[in-house]
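One chain, subunit A, appears in both complexes that follow, with subunit B as partner in the first and subunit C in the second.
Entry: the complex of A and B
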């Protein structure tokens, strides 16, 4: 397999995964939680890189990133227990707090003599060309995992998203499925940052899912549409950044998916106008 | 230790403090309106405006700051409002879609016109207070300090002048509307003000860390107090303690100054939060 083909396949799969988990995220009105998780992986990656004595193994960095994401999710949950700290305040605080710690560590790493930096920089804006075979496999397994969990727990997830009160009364633990959802988002974010960049990874969760929400009201149709749109725009964006090498992958993917959204929104509005006249 | 107390150190701390005072004042208004995440949105969506200003003028001057801020503040708030009003998206998804798209446009503009604009993605994502003493001097003072300081004075005057209106529209929107206050104009004015502050601070702090300057001290103040004045004083006290200490630490370990400031403030905030929860718990136990 060529490098181009592998990278495009990786982007296709991560777009698919992000579309799935993003659909639940926007239904819970937690779209910006993806942004917080995206920024919070930076200290995780840097700590893993330092702790493993500058190992270039992508799995080590992935584990670190996942650890950072989970730590931020737990702190978010803890901070919002107080009535003085509102959820959106906690999001902003966590986002920058974790990012600042990561930036401090990154600056330290960059000043170490003779350290191969494992393209740590490309984690900020993303570069699909830096994806390795191991990354491809971890992206593939996360896609399979997300799909598997969503298919198995579809009913419970649907109830806990649309009607948390009913879910509680019928014995579905909302907190448990909220945590399942957060983990799904964390997994999708963690495998995507190397390609999309941590600044813009939230867009891949939000935009395809938003486009799908305009096209259908039915949850399973939405999930299918969001995953297809995510996969297509991610791979198309990655392809564009391959041809035009001065455009990083993340921004290219975002612009393609926003283009899809604008097209869908125009048709949605036109259809609405037709129906009302 | 005394060799750190040189002119550079003083200018860096002065700039950091001015930025901190300005940001926490405006940030407190944002937080009270439950728009803390607008700081995140605006700090990313200023990028295309900023790049355009650099392409037009070649460097950042006061007029450029104002122009870039007005354009990006209004465009961001307007786009989010349109998506919401047209019932296309909920507020959180609309915010996320608008700012990431604008940021992506900014990055692409930056890459395409990289030769003409004297900013790069590095500087945008990191920010470096350490470069403040190396900047062009205006009246013998570093450029960033002059920009941030003059904004602190002018914005401070505006915030005092419109204090009542801002609080009334934040807490009692309907009452404000019925008493004839231009609620939307005040909201858009605040968005422009926040964008102006972000643009003025971005060279020193970077796009992401400026969010912390806006939200962290204000939240710390709200943990300790409920009325506006003492909340603001607490948040300034946090900056007054953390900025010099973190700058000194960053000098010693040779690290990014803004990142150190934010990391220290974050640590203090989390500790204060935990302590406060424990005290609350004990009080509750005693009552029962």
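Entry: the complex of A and C
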């Protein structure tokens, strides 16, 4: 397989995964949670880099990123459940706190003599061309995992988000399923940051899902649309980034998905105007 | 006769302030019991505490003799307050009603043809059979409340906990909901309903629990709804 094909396939799969998990994020009114998880990944990556004695092994960095994302998710759940802090306040505290720690560690790493840190900086804005075969395998695994878990637990996930109290009274642990959703978001973010960048990854979670929300009132249809739109935006953005090498992958993907959103929003507005006349 | 619901010494607090204090109630089968009291008196919390939806400081709740909630979950239905729901959620009416079958189905099993037929019967009972394919946001407040009642019917429960089922409904809907609830009562089911409208409580309940953090009075509706009791609970006269 060529580098271009592998990178486009990886972006297609990560767009698919982000579309799926992002749809639930929107329904939980936690659009900023993806941003928080994206920023929390940086200290995880830096810590893994330092702990592994400056290894650039993608699996080590991926594991670090995942621990950073899970730590932020757990802290978010803890702050909102066991204190008077409102969810949006906890999100802002977590986002900025984790990012500050990450930037501090990155600065420290940059000052170490003889350390190859250039690859770590590529996590900020993303570059699909840097994706390795291992990255492609991780992205494929996470796409399969997300799809599998959402299909088998669809009814539990739906009732947990729609009506958590009724879910709990019916024996469906809303808290556990909501944590599962947060974990799926964390996985989606972790596998996406190398291509999209940690600053813009939340847009790939939110924009395709928001576009799908304008096009359908049925959850299953929304999930299918969001995953297709995510996959198309990510692969098209990556392709643009390849042929115009001065555009980083992350911004190119987000520009394509924003274009899709604006098109859908215009279509939605026209349809509403037509119905009201 | 064994009570279908036995609440013993139940206390609940949010943060540091008590919301319910030493509640003791025995509910017998085949009755509609209203839970009334001023805002913040703990009506909803009482229902939620019985179903383990909020943590208790002390107390015990037993169902159908001496069984725990976990043992009897499939015989219990809960209708939450409509304010706790995102009515723009992308879900169809039939799918909402089918949620009532989840506790019977358990993990990994999805509703089949039998459940779908019964869900349509439940929608028919609340007059919404023709709305099954509609999106939940396309319904009025009263219709949404009827969908939730249909979901409660879908559980095939023996004991119903209904949190403000008459909230945001018009007179016609209120009368329809009431007739379904009375039919359930006549079939031997027991219903515990938190209520804010004192006028309709008199015609819709057999017994009333008057509450303001603790139980002020419990008994037949006509006895509990005395002016003295209401003045004690609400701090003003209702004559």
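In this section, the second predicted complex is superposed on the first by the 272 of 277 C-alpha atoms of A that agree within 3 Å, B and C clash if a C-alpha of one lies under 4 Å from a C-alpha of the other, contacts with A are read in each partner's own complex, and residues count from 1 in each chain.
The rule is simple: a contact is a pair of C-beta atoms (placed from the backbone, for glycine too) under 8 Å apart; a residue touches a chain by one contact, two chains touch by 3 or more.
On a predicted model such as this, the values are computed, not experimentally measured, just so you know.
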**OP:** Answer with clash or fit: subunit B and subunit C placed together on subunit A by superposition.
**Re:** fit
Original post:
Between subunit B (first) and subunit C (second), which does A:6 come into contact with in this model arrangement: first, second, both, or neither?
Top reply: neither
Original post:
Between subunit B (first) and subunit C (second), which, if any, makes contact with A:152: first, second, both or neither?
Top reply: second
Original post:
Using only C-alpha centres after the superposition, what angle do subunit B and subunit C make about subunit A, to the nearest 10 degrees?
Top reply: 90
**OP:** Would you sort A:31 into first (subunit B), second (subunit C), both or neither based on which partner it touches?
**Re:** first
**OP:** Pick one for A:77: touches subunit B only (first), subunit C only (second), both, or neither.
**Re:** neither
Original post:
So, A:250: does it touch subunit B (first), subunit C (second), both, or neither?
Top reply: first
Original post:
Which partner, subunit B or subunit C, is in contact with more residues of subunit A?
Top reply: B
**OP:** Check whether A:222 is in contact with subunit B, with subunit C, with both or with neither, and answer first, second, both or neither.
**Re:** second
**OP:** Look at A:89 in the shared chain and tell me whether it touches subunit B only, subunit C only, both, or neither; answer first, second, both or neither.
**Re:** first
Original post:
Can you give the closest approach of subunit B to subunit C, taken over C-alpha atoms and in whole Å, for the superposition?
Top reply: 6
**OP:** Using the superposition described at the top, list the residues of subunit A that contact subunit B and also contact subunit C.
**Re:** 29, 84, 213
Original post:
Residues of subunit A touching subunit B in their complex?
Top reply: 26, 29-32, 34-35, 39, 75, 79, 81-82, 84-86, 88-89, 91-93, 95-97, 99-101, 103-104, 107-108, 111, 124-125, 199-200, 202-203, 206-207, 209-210, 213-214, 246-248, 250-252, 254-255, 258, 261, 265, 268-269
Original post:
Which residues, counting only subunit A, touch subunit C once they are in their complex?
Top reply: 27, 29, 84, 152-156, 158-159, 161-163, 165-172, 213, 216-219, 222
Original post:
Mind pulling up the subunit C residues that touch subunit A in the complex?
Top reply: 15, 48, 51-53, 73, 76, 78-80, 84-86, 89-92, 95-96, 99, 102-103, 105-108, 110-111, 135, 137, 151, 155, 161
Original post:
Okay, in this complex, where on subunit B does subunit A touch?
Top reply: 31, 34-37, 39-40, 44, 86, 88-93, 95-97, 100-101, 103-105, 107-108, 111-112, 114, 121, 125-126, 206, 208-209, 211-212, 214-216, 219, 222-223, 253-256, 258-263, 266, 269-270, 273, 276-277
